[in-house]
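Listed after this line are the structures, all set down as structure tokens.
Look at the two complexes coming up: subunit A is in both, with subunit B in one and subunit C in the other.
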Partner chain A sequence: MSKEFKPYVEKNNNFWWLTNRRYFTYAMREISGLVMSLYVLISIYEISQLTSGSSSFIDFRLLAASPLMFMFSVIALAFTLLHTITWFELTGKIQKDQVPKISGKSPPIFALVIVNMLILFAASYLIYFLFW
Partner chain B sequence: MNKKIHALLWGAFSTGGFVAAFLLPSFIILNSILFHPSGIISSDPISYENAIIRFNNPLFKMYLIVLFSTTLIHGLYRFKAFLFEVGFLPYKKPITGLVYLIISIGTASTLFFVLSSLF
Partner chain C sequence: MEAPRKSLLKLKKKQIAIKVKGYRPTKDSEPYFQEYKIPLKPDMVVLDALNYIKDNIDGSLTYRWSCRMGVCGSCGSNVNGKPKLTCETFIDDVGDNLTVEPMARFPIIKDLVVDIDSFMTKLKDVKPWIINETEKPIEKGENLQTPEQVDLYKQQSMCINCMLCYSACPVVGTEDDFIGPAALALSYRYNMDSRDQGEKERLKITSSEEGVYGCSWIGECTSVCPKNVDPAIAIQKLKLTGSLQTIKELLLPKFVK
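== the complex of A and B ==
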């Protein structure tokens, strides 16, 4: 007697990103895109209030002074820094083959991440000096 | 999708990643945390008068246009790709349309508010 076997169809698990730490970090990195975009959209609204006059801008600033908005800003900064560090790690893998070799060896990726972080601090200070 | 358009979109995505990595952290810290309106450190740099002076600087206008538009492109494009990996692939077309709509509105709004003060 022969049996018919159905082909095995793996069920989709949409929560695969919760199954281990690396997948979770990857998911947080991707979600950082949404959080950064939300912050930018709020900033665009701030600019619109600034161009509308002092009373509109002051009303926005009162909203921005709320604990909820401050918490959102802190969360947005955390996600942005996650994006920054993972971006530097990613670009480090490309940069290590493009920078001059030392004793015939490419520099380690973490060294390139540190260099990029130093450039970040310099760029941040320049922005503060120029605009704030 | 046309290969040239796809390549342009990837170029914009990559530029956005670079800009967001180097310029967005300082913007968030300076605009929303360090000089918090509650005056924890000093709210003077974000007073209306100082904000207007800063906003009228042509270099600051360019900085805002580049920062906002490229961050929107990168961030939303990245999140869109993630949505497709967590079960929303059947809704690819409406999600893609919505993402590009938000990017377009955000970029157009930035250009409008930043450049309208010139006229």
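== the complex of A and C ==
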């Protein structure tokens, strides 16, 4: 006896993000949001300890110097760099058609990414200079 | 005379095995692989192999094809796990252990044939045609464009609706309503056309919940496109235009919008 005609819908493989370099980068970029959020929470805790007096802050500094926290900071830095680099790579691609042409040609994406990065560094230094 | 393909010389094989995914909707509960042995010929593409199987081994094998020259976009399949047009995928390039499956993320109707109804609906939703508020009379002449105006949309206009980008996109696999790469790229293509006045109309659809914001900038759609269309970047540009439009609507008085 034949069964009812029904198109087959394939189930998603839970490990699809390991099957391709682009999928993996995407998954890491998504995870980077979580890692960075955790780092921000730790930074907020650091500020709260700083306002609670010097002994609390010293305790926090000791905690921050532990190998586990050091490892977490390195991982957070790696994820932040991944997020930043891929973000600036994207903005360069979008800006290509938005910026004025030089001698009838759009500037190379690489040059736009470098300019964006330089603006980021300059803005970060300005914030550091003004508030630190 | 053109030199023979180097990899073919290396192969020195007269026969290859090819695994093709089969599914009979009224008999099988799930797809299965069937292996066929076919004679290898120089410059043979995957579609030639499928045609050989259909003509000589298994007449029931079902798949779509038409032009055999990478134009019609109907022969898309997953070849060794990657979305490809079978008519322009040389067996030499994909190697001996060849597997052909239906495009991923589409319901399978039979063997390599998938149900593309959802794509056709999404494509129509983004209005991929020139929209004009007022029709220009014929006596007023053609709508001329400069080469620079054509350059703004030419790349995205090369889409042949082969749907390989849908097969490559993980968001399509998880969000059924996501409009998807090709339809969004075509929406961008018409927005950028100097003859078109339908951008605001399309932005309402592309900036909706099912639209561009579902895309997480994975970029696999662009890498698998056989016509070098760049849906990934078109979607990001639509995000920018859509966001600017929303800001305008929120901040500017009605007569400026």
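Everything below uses one rule, namely that the second predicted complex is superposed on the first by the 117 of 132 C-alpha atoms of A that agree within 3 Å, B and C clash if a C-alpha of one lies under 4 Å from a C-alpha of the other, contacts with A are read in each partner's own complex, and residues count from 1 in each chain.
One rule holds in what follows: contacts are C-beta pairs under 8 Å (C-beta built on N, C-alpha and C of every residue); 3 or more make two chains touch, one makes a residue touch a chain.
These numbers come from a predicted model, not from an experiment.
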item: Which superposed partner A:3 touches (first subunit B, second subunit C, both, neither); value: second
item: Which of subunit B and subunit C A:31 touches, first, second, both or neither; value: first
item: Touched partner set for A:94, first subunit B, second subunit C, both or neither; value: second
item: First, second, both or neither for A:103, with subunit B first and subunit C second; value: neither
item: Subunit B versus subunit C as contact partner of A:17, first or second or both or neither; value: both
item: Intersection of subunit A interface sets (partners subunit B, subunit C); value: 12, 16-17, 30
item: Residue numbers on subunit B that touch subunit A, as the complex places them; value: 17-18, 20-33, 35-38, 45-46, 48, 51-52, 54-55, 57, 59-60, 63-64, 67-68, 71-72, 74-79, 81-82, 85-87, 102, 106, 109-110, 113-114, 116-117
item: Subunit B-facing residues of subunit A, complex; value: 12, 14-17, 27, 30-37, 39-41, 43-44, 46-48, 50-51, 54, 57-58, 61-62, 64-65, 69-70, 73-74, 76-77, 80-81, 83-84, 87-88, 91, 116, 119-120, 123-124, 127-128, 130-132
item: Contact set on subunit C toward subunit A in their complex; value: 23, 25-31, 81, 104-105, 107-109, 114-115, 152, 170, 173-174, 216-220, 223, 233, 236-237, 240
item: For the subunit A and subunit C complex, residues of the former touching the latter; value: 2-10, 12, 16-17, 19-20, 22-23, 25-26, 29-30, 86, 90, 93-94, 97
